[in-house]
Every structure is written in structure tokens, then in C-alpha cells.
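Each of the next two complexes has subunit A plus one other chain: subunit B in the first, subunit C in the second.
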Partner chain A sequence: MRNDTLNVIGVYTKTIMKAWFQYKVDAVLRSLAVFLREATGIIVIYFTLLKFDSLNGWNMYEMFFLFSLLFLTYGIMILFFTGLRDFGRTVRDGSFDRFILRPRGLLFQIIFVNADWFAAIGHGGLGLVLFLISAGKVGVSWNLGLALYYIVTILGGVLIQGAIFLFLATLNIYLMETNSLKELFYWNMRKFAGYPISVFHKSVQALLIYVVPFAFVNYFPCQFLLRKEDMGQYPEIFMYMTPFIGVGMFAVAYLFWKYSIRFYKSSGN
Partner chain B sequence: MSLIEVNNISKSYRINKRPKGIPGMLANLFVPKYEMRQAVKEVSFQIEKGDMVGFIGPNGAGKSTTIKMLSGILYPDKGEIKVNGYVPYKQRKEYVGSIGVVFGQKSQLQWDLPVIDSFELLKAIYRIPEEKYRKNLDRFVQMLDMGNFLQQPVRQLSLGQRMRADIVAALLHSPEIVFFDEPTIGVDVVGKETIRNFIKELNAEDEVTMLFTTHDMQDIEKVCEKLIVIDKGEKIYDGSLLGIREKYGTTRQLDVEFAGIEHIAPIANVEMVELDELDGRKKRFVFENKQVQINDLMNFLLQNYRVRDISISEPEIEGIIRKIYNGEVITT
Partner chain C sequence: MNLAPYMAYFKKSFLNRSAYRFDHIMSIFSNCLRMFIFWEIYKALYGGRQEIDGVTMSMVTTNFVLSMGLDAVFYINDYFLPDKIGNGSITTELLRPMSFKGRMIAENMGNAVFNLLFRFAPAFVVACLLIGILPPASPLMLVLFVVSAVLGYGVLWTISFAVQMTAFWLLNVWSMTTIKNVFVNVLSGTMIPLWFMPDWMEGVLKFTPFSSIYFTPIQIYLGQLEPGEIAIKCAIQLLWIGVIYVVGDILWKCGQKKLVVQGG
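And then the complex of A and B:
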């Protein structure tokens, strides 16, 4: 049974790769385009910090380190949750009906039927570059324990963002279209998360900690590794909560999905 | 107990009613008004194993909704469905392995990849054993003459080729029941014939039970033995193809070719149609069975005019169905 599941995941992945490589040049260019689009944001910060030296005590390399987690987690997350990102379209064009007609789990199919490798390579690649540039220059003496902490943090960050995507996808069942909600609650919040959250107004901080908890994707884990002064205003425990919040949020989003799927209405012919 | 049991199912959709104009749009944004539209009203029917049933009705009659409920995509609001011992919308994963569904309007093939890649994917999804997969694939490819485009990307196929590939895709796992939703839409005459023959052969050889919707009455006449007609969500006919002719086919027609150009005076209760606009030699007489005796009409024509040829034709199913849709025939 486990073997069979792995087999079908393998065939799905092979199919996705084959489809991507139908357009080889486009595949390379598109990954590059994503990389460059995201990199421009970093370049702006680079020039700003050349002038100001630091932002609330964070220097350029520390900022890059903060950013790298955001990109790395997104790069991995999008490999698994492309189907959730595009779920609105899947519902509208009737492809979801086809998922229902196949003897496999619905969420399983949504997750493994599609993977946006362009975004994964673009975001993940940028994250990796930023990590390699900064990891040796932020004063972290890496050891096995810290590396483990870092990996678990990435997994937690992936789950936090996956849960947000799953939650927004589930809303599609009720609303048919949730792109503007995603713009508002995901992408805009993510823009804030590129900076140490301590620079923002309390209300924005509260949003990033309690509502769309991007702070746990990169800010608090970075604080565990870097111990900057501005951590003083937050509870210590926040630095250890990322994996738990990830698992918890995903579980809640999954229950919401399970509950909502019975209200699914086919889009009609 | 029948293979497919449908008991009094109903399904309504909630439709957002938008008032006209910009004020209406704004009002709708804050206080949306909904209206329930009943797509299917207390429909019941049974289908036996090996049956080949045509499921027809005008656009918006509720055909697709019914097919979607039968295949487990939609929950009925009321009533029960049992297919092959399963309740489709409750036991989805167990159930869907035993059915195949073809949506003529919506392909399930991978657009950018060769046809064969989609088949390989389905083999994994449905856990089809290698031997069975080979056997089915070889057989279907041969029956539908698909050998020459199996390696071509789907996007390069003609509509007819794509439809054949889609039909095979729905059958690779040897389903016991197949729902076809407009399997010949947009396909040319030759392609339609290929598809019909294939469906017939499969039904005869493998005893596959089939239900299919179409707007092409030729499909029905050539393929189906049983017919279910629905209109405005309600079932209005359920029986044999022959039966519908007997029950509603009350008109007859007489095609007459005259020896010369004749001017024919109007005949009571008989509608006359010119078949040959050029010289008016060929005419069709259409009449109600009950009102006009065919013998009387023939005798009248033969006695009063010079007739070269005469033929009686049965009413076409298409004509009957059109009348039912138009409400010209009262059904009970």
C-alpha cells in the first residue's frame, strides 16, 4: 500500500517534469525571471543598507539571513502546494470534478498533481544564494544542533505557509475566487516579513505574530541564532514555537478543509 | 435489485440574482439576493446490468447534474442513489474504481504530453495491473484505430482523435459502468460512427452498463435500447426506444413524386411541404395518424393526380423528441 502511494507520486512527478521540459528554454527563462523579480527586492535593501549601515540593529548580512529563510521555505512549500495556490482555477474549470472521480484522496491529488518548479527554483535558488552569502558572516558558529534547528525551522515555516494556502484554497469552496484575499493576507504580509518585525507599529507586529504568523517563519528563528537586542520585547518561547505552530495550523486548516469539502458545488457545464 | 437505483432525487442550486445597473450591483455586494433553482425534481429510475441507456433532454434539463450525482461529484439534496451496492457520494474512493466517466466537453488528458503518458498516469492512479493494462490498451487502440497518434501530444490531436483517446482513458481500468456525457460532441460523421460502433461492441462483449447523454439523436437511434428523457428537471419518459415511437410518434409522412408539375389543393388536416423547390414535383404530406387514414390519402392522391412514386416514412426520433421538448406532445 505504501509502495503503491510512492509509485503514484513518482508517476505524477515524472508527468509534471515531462510537461515542463516540453518547453526547455522557457523553463530556464521562467525560473530566471522569478529569481530576478525576487532579487530586485533584495537589491533595494542592499543599497539602502549601504547608506544606513543597519536597520534596528540588523546589518546587511543579518538582513540577508532573515530573507533567506523566507525564500527557502517558499521554494520548498510551492513544490508541494502549487495545487493549493491554483485551487481556484481547478474548481472553476471543472478539473476538480475529475479528482473526485479518481480513487485517490482529494488533498493527495491536489498536492501531487502539480508542482511549480519555476517558482521553486527561482525562490529556493535565491534563498540558497542569500544563505550562502550570509551564513558565515552573521556570527553563528554552526554545529549539528543548530543545523538541526535550522532544518526543523524550515519545515515549520513550510507548514505555516502551506496551512495559509490550504485555508485560502478551502475558502474557494464557498467563494469561488480568493485571489484578492491571498494578495491581502499572504503576499502583503510576506512583504513585512522581509524586515525585522520590531521596526513596525505594534498592530502590524500583532498581525505577523497572531494572525498570519510570518514572524515564526523567519524572524523568531533568526533571533534564536543571532540573539539581537530587539528580541527583548518578545517572550523567549517564541523562538522555539515554529514547528508547533506549523503543525498546529496545518492540522486546523486540514480539519476546515475536511469539513468544507461536502459543500463543494460543481461548476456546471 | 437493479445495478443502478435512483430514488426520488432532487437537487437545487442557489443562484445569485443580480439586479440590473450599477446601483443594483452595489446593492448586491452588500445584500446579495439568492434564488433557488431546482435542477432535478424527484427523479427515479432503474438501470439493469448490461443496459445501454440514452439520457436525453434539452439544455439545462438536468442531465449533467444527474450524471454528476450518479458519479459522486454532487450530493443530492433529497432522495437516494445506489450504484453497484455503493452510495456514490458517500463511498467515493471505493466506488469510483468501478465506474468510468467521459465528459465530451472536458478532457482528462495531459495537454502537453503524448497520449500514452496520460494512459500511464491513469494506470498508476487506478492501480491497474500491468497485464490487464496491456490487454485493454492493445484492444482499445486497435478497435478505435489509434495506433498512429498514441505518441503525439494531445494538443496536436484533432477533436475526433482527442475524444477517442478520452474514451479509452475512461475505460483502461475496466469499469463496470460508464457514464458518457456528450461523447460525440463536435466529432465528424466518420468519427461519430467509429465511436458508436466501439461503444456498442464494448456493451455487447463485456456487458458494460452504459448511460449516455447526447444531443445527437443518431447516437441514440444507433446505440441505445432504452431511453430516459428529462425536461426541466423532471423525468418525462422512461422506456424502450421503440416505445417512444409508438407512444408519441403520432405523425406519419408520405413522400410523393408526381409525374408532372401539379398544383395540389389544400387537403384537410394534412400539411404539405415542398421537397423540390425547383419544379415542385416532389412533395411531402405530414399528418396525424388519428385524423387521417393513410389509405384515404393515398387513394385521393392517386385518383386525382399523376403519381410516379410514393413512400411512407416513420417519424424520426429526432422529430418526436423535438416535439416533446417544445411541449407539443403532452407526456404523462
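And then the complex of A and C:
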């Protein structure tokens, strides 16, 4: 690491903030729109559980608590990995070639040259609101140990989703278009992840545990804190694996990236 | 009025959609998946109970299959006008010897027919095979369902029309459109059957157009409404189409004047 690295990150961050908050009214409206769009599912849960009281033993606050981890981790993740989300476009319009010419690591640049602040505020803000609403009402007696567990879980969840983004971004080197794959493996799987996975068919559960491990982002950590009945059908150890899966997946995705980047061919002329 | 140019745009948008096959298959898959998620959740919520407040699980299923099916057909390009204002082509559009609004309708209809054939039909078959759906209450109700669904499309179209008009004043209508979609998604019954809304929400819903979009046709399909009620509900649909269209049209006229000022 060079000694001016922090400097470079600082300059990038300043530029990003300037760019995203150029039009203040628009910035506020956009963040609000993301917030509300993501809140749609929450509002639906709220109305549904007003009527039905609980879903597989999870009451409204426990559901909010489960959802909050999903949004908090995404809000943090997107600050770092916007570049990976939009990597397909970067490759297609040739601006990735500019990155190659600069005297800095490629992944370093992808991570620090852009950050979708609207998504971060929208998702992260919603996650925070849900956490504040639910944390005191789900019967967890918070202490230092649990707080630490929660923080480590968030970091693990960030890494798991970051690894999925990195993996999908790397595929861009081989395939020109991966948006549909992202839709399929990330966004569609995420739709399931807001609910206790025990609700779903066994095949969907297997997907969420072993293929796109969203279950470790929020479901199993919540089980550690809440100890709901439906945990009985899964191995106890799943509740402690989030950080390890996060680090492991990210390491594998990073190696895949390192290996694949040698084959990069510019799409430009 | 000569309909030929509108038909040409209708055809054009239909053919345009046929070009992106993979994208298309993915969107069918997403639709089915959403249906499946809600079905699983409601199965868990019902937990083997026959009915809740007189609503059976198969009614809930039918509600989801039909509302999401209609939702797939009622795809409206919310950026039709905003895009044209954004890139300036609105000026040449207005010079054409045809109604811009007519063209908007024609292109959207092309999309809707495409969706009906290639998105609704396959998703519907999959849903019927995997999940199952109640038959219509009677052949007459099926016909009235189609009529009411067309009116429901009208309501949704005018809402989109009115929201698009804000493009004359706002730099970016993405936020407005997104917020509009939140209201439509929550309040129209595609994500929570409106039977299960709390009483106070039902009171609020009466004063909004959202339940006219999908829920009215579905109630007719299930035979939940008396003939008199059907007439009233369809009249309400027509009323909303009229009211929202007039609002959108006023914005459209003001917007055009403002556009002239900008251009001058």
C-alpha cells in the first residue's frame, strides 16, 4: 500500500459526493424514492401481519428485524461495490481501459471511484429505521457480546453480497452481458431472503443456503438472536458461520477475478 | 380520424418487444417466481385453515395469479414522454400531423397485446399447472371480467399519463414514477389481497383509484359482486379514467406552453 492511498481515496470520495449531490432537491427525491421502493415489501408485511399475527411463528417486529439486516448490509455494501454492480457498463463503454492505464490496482479503482449514495441512503436508512423499531421489541437483551456478534454479522453479510457482485462482475470478462444473471441469482434470490426461509419449498431453501447464501446474511444470524422454533430443522452451527462464509466467498471471488483479469479483451476500438 | 399511422406505431412497438428474447424469458421467470413466493407465504399464513374472514386459500391464489397476470399485461412505458423531453425530440414529435397522445396509446397497446400473448399466457399456464386457480363464477362473469380489466388498464394508463406530464417541470421523473409505483403495488392488491386490509385502510382506498385497477375485475371474476355492484364499480372505474385524464390533460396543455417558452 502506498502512503498516498488514503489521499487518493479522499479525493475520489469528495468527487463522488459532489457528483451525486449536485442537484439537492433531486438527490433528496431520489433517496426518498429508493427508500419507499424498498419499503414496499415492509408495508406489505405490516398489513399482512396486522391480519395474520405471525408467519411461521415470526411476529411483525421479528420480521422487521429479519429485514433490517438485509437492508443494512446492502446499504454498506453498495458504498463499496457500486463499481462492481455497474461493471458491465464500464466494460462495454470502454472506460475500464482507462482504469488499466492508471498506476493503481484495478479492484482498488473499481471500489473507490464510484459509490451510489442514493441506494446507500435509501437501503441503509430503511435498515436503520427497521432496526430501531424492532431491536427493543424482539426480546433480545443486548449486551456487548451480542452487539459484537451483530456487527460481525453485518460485515459478513456485506462480504457475502460483495463476493456475489464480484463474481458476477468477473463473468463480464467472459460474457458481454450479465445483467440477466444478476437479476436471476441476486435480485430474485433476495426477494426470498426477507422472509423466514423455512416457509419455502426445500429446493428454494437449499438454493438460499448453498448456492446464493442469503440465508447467512440475515436468517441464521437472526435465529442466533431470536431462537425461533423453525431453527430446529437446521444444524446449530449455521448460526455461527456468517463471517467465515463471507471471508471464504470473497477470497474465492477475488482469486477468480485475479485469474480472469488476464483474459480481459477490450470491447472498444 | 385516420387510424393507419396509429396502427403502424402499434405494430412497431409490438415488433420491438419481440427483439429481446432472453430478457423476455427472464421477465416471465421473475413474474412466476413472485407469484410462487406469495403463494408459499400465504400457504404458511393460512396454516391449513379453510378460510379466513370468508376468504379461502384458493381465492387468495386466484387473486395473485390474476392480478400478477394483469400486471404483466399492463406494462406501461412510464418514460415515453420524459425520454422525448429529455433528448429534445418532443419538438419534432409535436410537429407530426397526428395526436401525440394517440401515439402514446397506440404504442402502449402494442406492448400490452405483446405482453398478453407472450408474457401473460405462458405465465398463466405455468401458474395454473403449478398452483391452480378457481374457474370464473360464470361465462357472463368472465366476459364482464374482461370488460372491467380493460377499464382497469385505462385507470393505470391515465395514472401513468398524468405522472409522465410532470416531466415538463422536473429534471428527473424517475423519483416520481418510482413513488407512484409504490402506491400502485401496495394499494392495488398485487402484493396483499385487499380483503385483508385493515378497516381504516379500506376507508382510505375508497377514495383512491388503485383498487379499480386489478381488484374490481378480480372480484367480478370470483362472482363476489351483485349485478348492481358491478355496474357501480365499473362506473367508478370510468369516473377515475375521466378525472385523472382531465388532470393529466391540463398538465399536458400547461406543459406544452412552458415548452414553447423554453424553445423561444
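Operating definition for what follows: the second predicted complex is superposed on the first by the 266 of 269 C-alpha atoms of A that agree within 3 Å, B and C clash if a C-alpha of one lies under 4 Å from a C-alpha of the other, contacts with A are read in each partner's own complex, and residues count from 1 in each chain.
Operating definition for what follows: a residue touches a chain if its C-beta (ideal position, glycine included) is under 8 Å from a C-beta of that chain, and two chains touch if they have at least 3 such contacts.
This is a predicted model, so every value here is computed, not measured.
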Mind checking subunit B and subunit C on superposed subunit A, clash or fit?
fit
In the overlaid three-chain picture, which partner chain does A:104 touch, first (subunit B) or second (subunit C), both, or neither?
first
After superposition on the shared chain, which partner residues are touched by A:265: those of subunit B (first), subunit C (second), both, or neither?
first
In the superposed arrangement, which partner chain does A:37 touch: subunit B (first), subunit C (second), both, or neither?
second
Report, please, how wide the angle is at the C-alpha centre of subunit A between subunit B and subunit C, in steps of 10 degrees.
90
Quick one: is A:191 in contact with subunit B, with subunit C, with both, or with neither? Answer first, second, both or neither.
second
The chain contacting more residues of subunit A, comparing subunit B with subunit C, is C
In the superposed arrangement, which partner chain does A:19 touch: subunit B (first), subunit C (second), both, or neither?
first
Distance in angstrom between the closest Cα atoms of subunit C and subunit B, superposition on A
10
Overlap of subunit C and subunit B interfaces on subunit A (superposed complexes)
none
Can you list the residues on subunit A that touch subunit C in the complex?
23, 26, 29-30, 32-34, 36-37, 39-41, 43-44, 47-48, 50-52, 55-56, 180, 183-184, 188, 191-192, 195, 199-201, 204
Under the touch definition given earlier, write down the residues of subunit C that touch subunit A in their complex.
22-23, 26, 29-30, 33-34, 37, 40-41, 44-45, 52, 171-172, 174-176, 178-179, 181-182, 185-186, 191-192, 196-198, 201
Residue ranges of subunit A in contact with subunit B within the complex
4, 7-8, 10-12, 15, 18-19, 22, 94, 97-98, 100-105, 262, 265-266, 268-269
Can you list the residues on subunit B that touch subunit A in the complex?
13, 64-65, 68, 71-75, 92-94, 96-97, 99, 101, 103, 105-106, 108, 110, 112-113, 117, 120-121, 124-127, 153, 181
